[in-house]
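Below, subunit A partners subunit B and then partners subunit C, in two separate complexes.
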Partner chain A sequence: MPVTDAVFIAFQTNDDTRAIVDAIVEDNAQATVARMPAMVKIDAPGRLVVRRESIEERLGREFDLRELHLNLISLSGNIEESEDEFVLHWGK
Partner chain B sequence: MNMPVSGKPPKKLSLKENYALLTRGLGWETSYEPMDKVFPQCDFEGIKIHDWDKWEDPFRLTMDAYWKYQGEKERKLYAIVDAFQQNNGQFNVSDARYINTLKLFLTGVSPLEYSAHRGFAMAGRNFKGAGASIAAQMQSIDELRHAQTQAHTISQYNKFFSGMHDPIHMFDRIWYLSVPKSYFEDAMTAGPFEFVTAISFSFEYVLTNLLFMPFMSGAAFNGDMATVTFGFSAQSDESRHMTLGLEVVKFILEQDPANLPIVQRWLDKWFWRGYRLLTLVSMMMDYMLPKRVMSWSEAWTMYFEQNGGALFNDLARYGVRMPKYHEVATKEKDRLSHEAWSTFYNFTHAAGFHTWIPEESEMKWLSEKYPDSFDKLYRPRMEYWREQQKQGKRFYNKTLPMLCQTCQIPMFFTEPDDPTKICYRESQYRDNKFHFCSDGCKDIFDFEPEKYVQGWLPVHQVYQGNCMRPGTDPTAPGFDPLAELLQYYGFGSDTPGEYLDSQDRKNWEQWTGKPGVST
Partner chain C sequence: MHVDIKTTSVVQVRETFSHVARHLGGDKPASRYQEASLNLQSTANFHYRPLWEPELELYDVRRTKIVMKDWYAFKDPRQYYYGTYTIARSRQQETMEKNLEFVDKRGLLRDLPQDTRNALIFALVPMRHLEWGANLNNCYVTAYGYGTVVTQATMFHGMDRLGLAQYLSRIGLLLDGNSGESLALAKTLWMENAAWQPLRKLMERLMVSSDWFELFVKQNLVLDGLIHPLVFRQFEPRVSSQNGPALSLLTEFMTTWFDESSRWVDATVKTAAAESPANAELLREWIAQSRAEVTEALRPYAAELLGDDANKALAAVESGFDARLAKLGMNATGTKS
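What follows is the complex of A and B.
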């Protein structure tokens, strides 16, 4: 299995997701961001992590990772979710 | 009640603990009725489940969170629908051609949302495990929400444009709508495991990105604030459904090695069924959006070949391979939308939406996006039709097309290795000959012929005289079969056919002062 297979996550473009996208880009050095009308798609090879703390720092308030559901459009990859991290990855 | 003695509030449960209590504590082993009688559909498909407790929903959505976030989604959506209506948003789209995508969506997709609501309610009832049941139940509620929000949002367009006044009536009758209808009924009449593999995995995980991502982004690009909002609101649930789909497949495969061949056959079948269904989406993207975001071919490359390819690479550790005939779909990506649009151009006088020949600038876009196929194979045809139209001879095909027995799409697809030759396949079954558009559809029929011989094929039904209003006398002098068919479809006084000749176009120009064709 090529390890370079990408996982992705896509959000609606709005003020709520600006901080989320910024946090993801900061936490995932290999992430690439594609901006399309009304949506933003972030791809990363093999693994992508969404960290609660990074989002909270940008929003200046507490953030429950399940709030991601409100603006989520699509994703790809196996999911590991805890209170602190939402991870997409291929492989076990 | 569990009031703590110390007076201190109990420790808040972690996400994992909360989810575990919901999905483990709520199920039970029955005592006075055997489990197999309570869950009679859980075994006949041959899927072996040894331990339902191994079911892990990765999102671990609990009821309190579910209702909280769904409520918030609804409030956001309806605030936008209000604003859209109050500001006459229906006149802010690129031009009235765009609205034909909504006619197709409301009559062809929204009824599927309602079918999914029913299907997941049934699947949820039939699974023995509480985790799977709860996920299916939440999805059932989501799907009802989608059907409702789509009807509410598009109802504003219905006040001004034709073709959106009775989607459920049309869904049960119009020829091309038998394609989505029969697709979903095929899934709903299967067992619960095949149903969720078909809908949650093959359709939602593997294929719906092609509908909801580029098409909804396209709706935004064409100024349709309302549609992009309900589309993405639905899609936010869809991410959870996709995850359910992947979980279902992994769970089944991990439970017993004997499940693999059954699942692989479902993946082959439902990939092909879903791909054929998306033919309608290909032409929405390439022909029906006046302002285009990406071509069908580009979307197929991105969402199926790359993202879908990564998914199947990952599933290889379970012994799963890419769905059969995926390479045929890839060969067809440069022709699918053109073949489909040409067919609807032929038969648009009996369709609930308008068709047209693309403008010169749009043909240029198609040439750029399809350098190997458009100029050579499809442009000459479009130019010929345009010329005929200028001479007042707009072409309508006065016969009815032969349909594929499996997907029910007219047989317009071409040979995988020759885009100039129509692809015909056939099978004998009980002294009858059945026709197919592809090897994929023929294989599906051959495995379960008893199911597919029962298909309600619209063309057969029309010729058998079953598509008329009650009391109609087809032997009466002056009987016009086409006119009667359109009444049976419920078109009322609307005039189907060419967009340039349509009431929609005239109204658009009169009400907005903008040209009916924006490019």
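What follows is the complex of A and C.
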């Protein structure tokens, strides 16, 4: 994959983000997860989607996608955000 | 000078407790809910059998006819353990306290016409005895049930019922200007009024059920699944459309609580039914039997509450319940009764 197309999102490793990471892995077949000390970085070629419903399913409660930012370390790509989805891509 | 900064990572030796890892089938990171629930049920070394039931162990899977290979299959979709449960409820409690204060300050219930107040006392305040019964029943399930995922959730559910009973009492106090008369009157209604007697009889019979899973289904799925929608989805909106939304503020918790706890009740029933056709058959039988009893018991009560509208309201409640059973795959014989 061309490096310029890659997007990523990185979270702190903790109990809150485990469900989020699981949901992202489930929803993005091409994503790869790198577990580092205290950080989980998820890379994906071109596009990465975070779906509210998948997170809620794992968390067992309602989830506001803005809660992502509480544990967010960094991300790359253009952000397209709605109540249901948080999408990273380069608009290509 | 060249400075080389190196990072050293410390990898933890274990991701979770051994008893949780055994259940997860390997040492994987576990959620707090899993760590607070999995493999915690005492299973061995009971030493003495209970004197009151010497044929069974202190904790025994044979206390219900439902058979499960893995009792930890009953996951709570809300993932409540002590921490999350108390935090969620304390938030709801704060909102309810504000609503109660709001209604109290403005005398929104106190200043209603006498007839309306009497109707509300009749409909809601004796129900606190029913909720207390639901508390007792869930305590029974907690005491004799098997598997921490089930029993912790039923304990929380039992506490919820005490909360509901208290909110209903508070509504009574708002109606009688804090004199407590409504509570005394409600006790008399509960003990003597003809419209309440079938429900009291039903509750007293539930209290002497011995199979804990049967009790779980009859109380939490069937009885609650019919009476809560009748009171809080049919009766309350009718009252509010005539007298303003004061009552809605005070039954807000009941409505959201019902939706929330139904998810867990449904998941529990679904899991048991999916385990084996024998389980599913038992559940169907319990639901059908109890549903006929509950609908019968609700008739006189609904008639007092809703008058000419009672049949229409009951039909709406039943069709809602049918839809719920259909989702659970439990409607086959349920609709026949």
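Here is the rule we go by: the second predicted complex is superposed on the first by the 87 of 92 C-alpha atoms of A that agree within 3 Å, B and C clash if a C-alpha of one lies under 4 Å from a C-alpha of the other, contacts with A are read in each partner's own complex, and residues count from 1 in each chain.
Simple rule for what comes next: contacts are C-beta pairs under 8 Å (C-beta built on N, C-alpha and C of every residue); 3 or more make two chains touch, one makes a residue touch a chain.
These figures come from a predicted structure and were not determined experimentally.
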Classify the contacts of A:Leu59 with the two partner chains as first (subunit B alone), second (subunit C alone), both, or neither.
-> second
When the two structures are laid over each other on chain A, which of subunit B and subunit C touches more residues of subunit A?
-> B
Taking the superposition as given, does A:Pro37 touch the first partner, subunit B, the second, subunit C, both, or neither?
-> both
Determine, under the contact definition given at the top, whether A:Asp15 touches first (subunit B), second (subunit C), both, or neither.
-> second
Touching A:Glu67 in the superposition: subunit B (first), subunit C (second), both, neither?
-> first
Note: overlapping subunit A surface for subunit B and subunit C spans 36-37
Residues of subunit B that touch subunit A when the two form their complex = 14-16, 58-61, 65, 69, 72-73, 76, 209, 212-214, 216-218, 220-221, 228, 232, 235-236, 238-240, 242-243, 246, 293-294, 306-307, 309-311, 313-314, 316-317
Subunit B-touching residues of subunit A, taken from the complex the two chains share | 1-2, 5-8, 10, 12, 36-39, 41, 64, 66-67, 69-83, 90-92
Parts of subunit C lying in touch with subunit A, wherever the complex brings them together = 7, 9-10, 29, 31-33, 76-80, 84, 88
Across the complex, what residues on subunit A touch subunit C?
-> 15, 18-19, 36-37, 59-61
